[in-house]
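What follows is a set of structures for review.
Look for subunit A in each of the two complexes below; its partner is subunit B in the first and subunit C in the second.
So, the complex of A and B:
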């Protein structure tokens, strides 16, 4: 059945929801876990937040192959750079390497990326590298097809100077809202929090996320509902 | 603008003058429902469908009833364009009304309704103006169970278990393994739920809110909307890229 040819792959957005948010002390990166080929969910628990160095991570949206390759190259360059420099890379250098690859190969790539990390000079930083290879430093960044549903949400909910807990909750809530409405996003919410102390990965399974409008409490089976609530849960 | 969906054959002049010849041609769907699955069981038919109405990749409507009764003996489940399904329900309503006006003590059974739908779908297809749906028609009359399907190009068949859309790829294999003709209501529900859960994991347009409907010689019931539990707490899901940075 030919469904909606064109709108799924419009140049500006690509399947997934990714988020990066700064807070007082570091950054929180978040993503959904759905990888799809057409309408089929090829991987329902993928990891879209990839490590570039100990202190810099990358959120990937767009072509899985393109973003994996970019992250492989950048990880390789940053590894050498760290050795030569003698100390951890800055987030800015990592983001600019990502930008160089994205920009110089813009005709061949479909990659929307968010670079986030912590370094001792600038603290927590988020850089968006959308399609085309623009680099833009932002207090928070959203990307992927699910992000369309979050512009209004962030306009309202974003605040400067949040605590780590506030930032994490904001990211999880946002990804969860996007999952509720974007067919290309789903699965679990993964977050990576990066600060002076290091890196912490968290995992929020799909059934632990809050329920939104018109979503219901899940059950094991209809049979459980029928046996507990009588007489007439069924409508004739 | 023409209100009546059957248009007069365009004359040579009108073809040259206007776009009337091309009034309605194969459309694109806008608000769509995904899979419907159905099985025969001991006492009748069970049909399951989620309540999603997608608008492209947006999960826009989450309270769409895609299973409806047809007369006393049948249930229809639809996937595809919702507005076309609503039109089909209007056609069926007119069909059943005209049937009861005969007042002859007879009433259309599921086999007849399925045949009517097949003719409607196929004729529309031949005019390049399809009803963009895949339909499942199930029912029981005089103890005889019937389960059939028909889609937008007029392909139609009956079977012990049928599905539309993704259900054909994900649910039918499960049903082929686990269906038997003596399923109880409980077993049937569990089997359909197993299929619906797989669809929830693997179909992008699936929504976690579904209804299961049953029809037997005694009548039909359509359940209240409810959601299924899903499994995500596998060790393998927690840190899938440890030792393989950059993979998925």
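So, the complex of A and C:
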């Protein structure tokens, strides 16, 4: 995430990869962990999936200061709302509170957000709140600079009615693909799974992620490549 | 013609009126006045009993060293200290402000201050000034919930980390931390590591220099090691001392102790209502 407000003419990169995916019974949210200031990684193990209530979480991309402030306000409003309502908030209410802040302050904020959670009325839901402050309910949502590399991947790999394991595997695979190609994403992969039973946080360190196409195993000598099973680095 | 409208009391907050004019002048080629920056190395790390903060002591004004031994570790509360990088005036002012807010808060609640309280006060102040208050801080302390270490950026975002560096020398110091930090360091190991990280900043970054200040915070106890290391002593000191030109002639020296001119009256009448 860019910590300094950039030049208005520069491309709107929100150095991050964030993902939210619904499955049969809940949602899985995923994110990388890199916070960058220009070319320096300020925090290589940040947590971009923030809790709003017991059952609703928020993925943050864009300016770290703006998204932290938005999530603090929304957490406060939702806390009051839960007390007044007398039962857990719905994901739709949480997403709309986020949307109201993002839309009404659109000139001053740089925040791309994904709200995901589970409630007893609608089940698992994902709402995207991108830069201008629109709100869009989606079966899956991707955001951040790393998401550019994932549109084609999701078109092919996404399917309705996945199981929890399939959804988690999809999210981890997608974030690690984006990390491989996007310089502004990196570090570890964090996922949060929310369903009727509660919330489960998982953590995948960098070395547990699969190596992709062209990230070869290190070799002592180039001659070793000839003796491996796949001597050609690029195979169609 | 006088202004007929009644002007109310000035509304609070920062006035951004001159910002556009400043931008326009910069575009026309004006050299902006430089300000005293603490081009700095500041670090913090969590060890087994608490938190250790470290800082260098050089304050620069452009290319000149304005202060060779300034204090960059600021007091926030008896159990919370804060290192500041960026504009010296901003870090001083913002830490003093939060320190006095916390003192009032302690009187109000009757409890020891928590690090997250200082964090929230600092981050909301910096966010509302949208990065114009140029203060990058490493906030550390020990309260009843345990040891805490946070970094705060000028725009108001915060990170919570086991070890952190900020300032122009942060890359040099972070290199030392990344290679040598581990969980559960003892006090002496921690102090040694912090001194090494700051020294790395002092010797490899032009904006940092002079001495190493360290502050060790543990449950119920703090140790402020001012000038813990002095790796840059003044090498040549002239025996002649300073000579002033003969045009300066001392005419008269008179010292008037003010205490003698106060007469204290015992007894007397009480003030009537």
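Basically, the second predicted complex is superposed on the first by the 203 of 236 C-alpha atoms of A that agree within 3 Å, B and C clash if a C-alpha of one lies under 4 Å from a C-alpha of the other, contacts with A are read in each partner's own complex, and residues count from 1 in each chain.
FYI, a residue touches a chain if its C-beta (ideal position, glycine included) is under 8 Å from a C-beta of that chain, and two chains touch if they have at least 3 such contacts.
Owing to the predicted nature of the structure, the values given are computational and were not obtained by experimental measurement.
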Contacts of A:63 with subunit B and subunit C, given as first, second, both or neither: second
Subunit B versus subunit C as contact partner of A:43, first or second or both or neither: both
Which superposed partner A:51 touches (first subunit B, second subunit C, both, neither): first
More subunit A residues in contact [subunit B versus subunit C]: B
Contacts of A:152 with subunit B and subunit C, given as first, second, both or neither: neither
Subunit B versus subunit C as contact partner of A:86, first or second or both or neither: neither
Residues of subunit A contacting subunit B in one complex and subunit C in the other: 3-5, 35, 40, 43, 45-46, 64, 68
Subunit C-facing residues of subunit A, complex: 3-5, 35, 37, 40, 42-43, 45-46, 63-65, 68-69, 108
Contact footprint of subunit B on subunit A as seen in their complex: 1-5, 7-8, 15, 33-36, 39-41, 43-48, 50-51, 64, 68, 71-72, 75, 145, 149, 180-184, 186-188, 201, 203, 205-207, 213-223, 225-226, 233-236
Partner subunit A, residues of subunit C touching it in the complex: 123-124, 126-127, 130-131, 151, 153, 155-159, 161, 171
Of all residues in subunit B, those that touch subunit A in their complex: 28-29, 32, 54, 56-60, 62-63, 80, 132, 134, 152, 165-166, 186, 189-190, 193, 201-205, 208-209, 212, 219-234, 236-241, 245-248
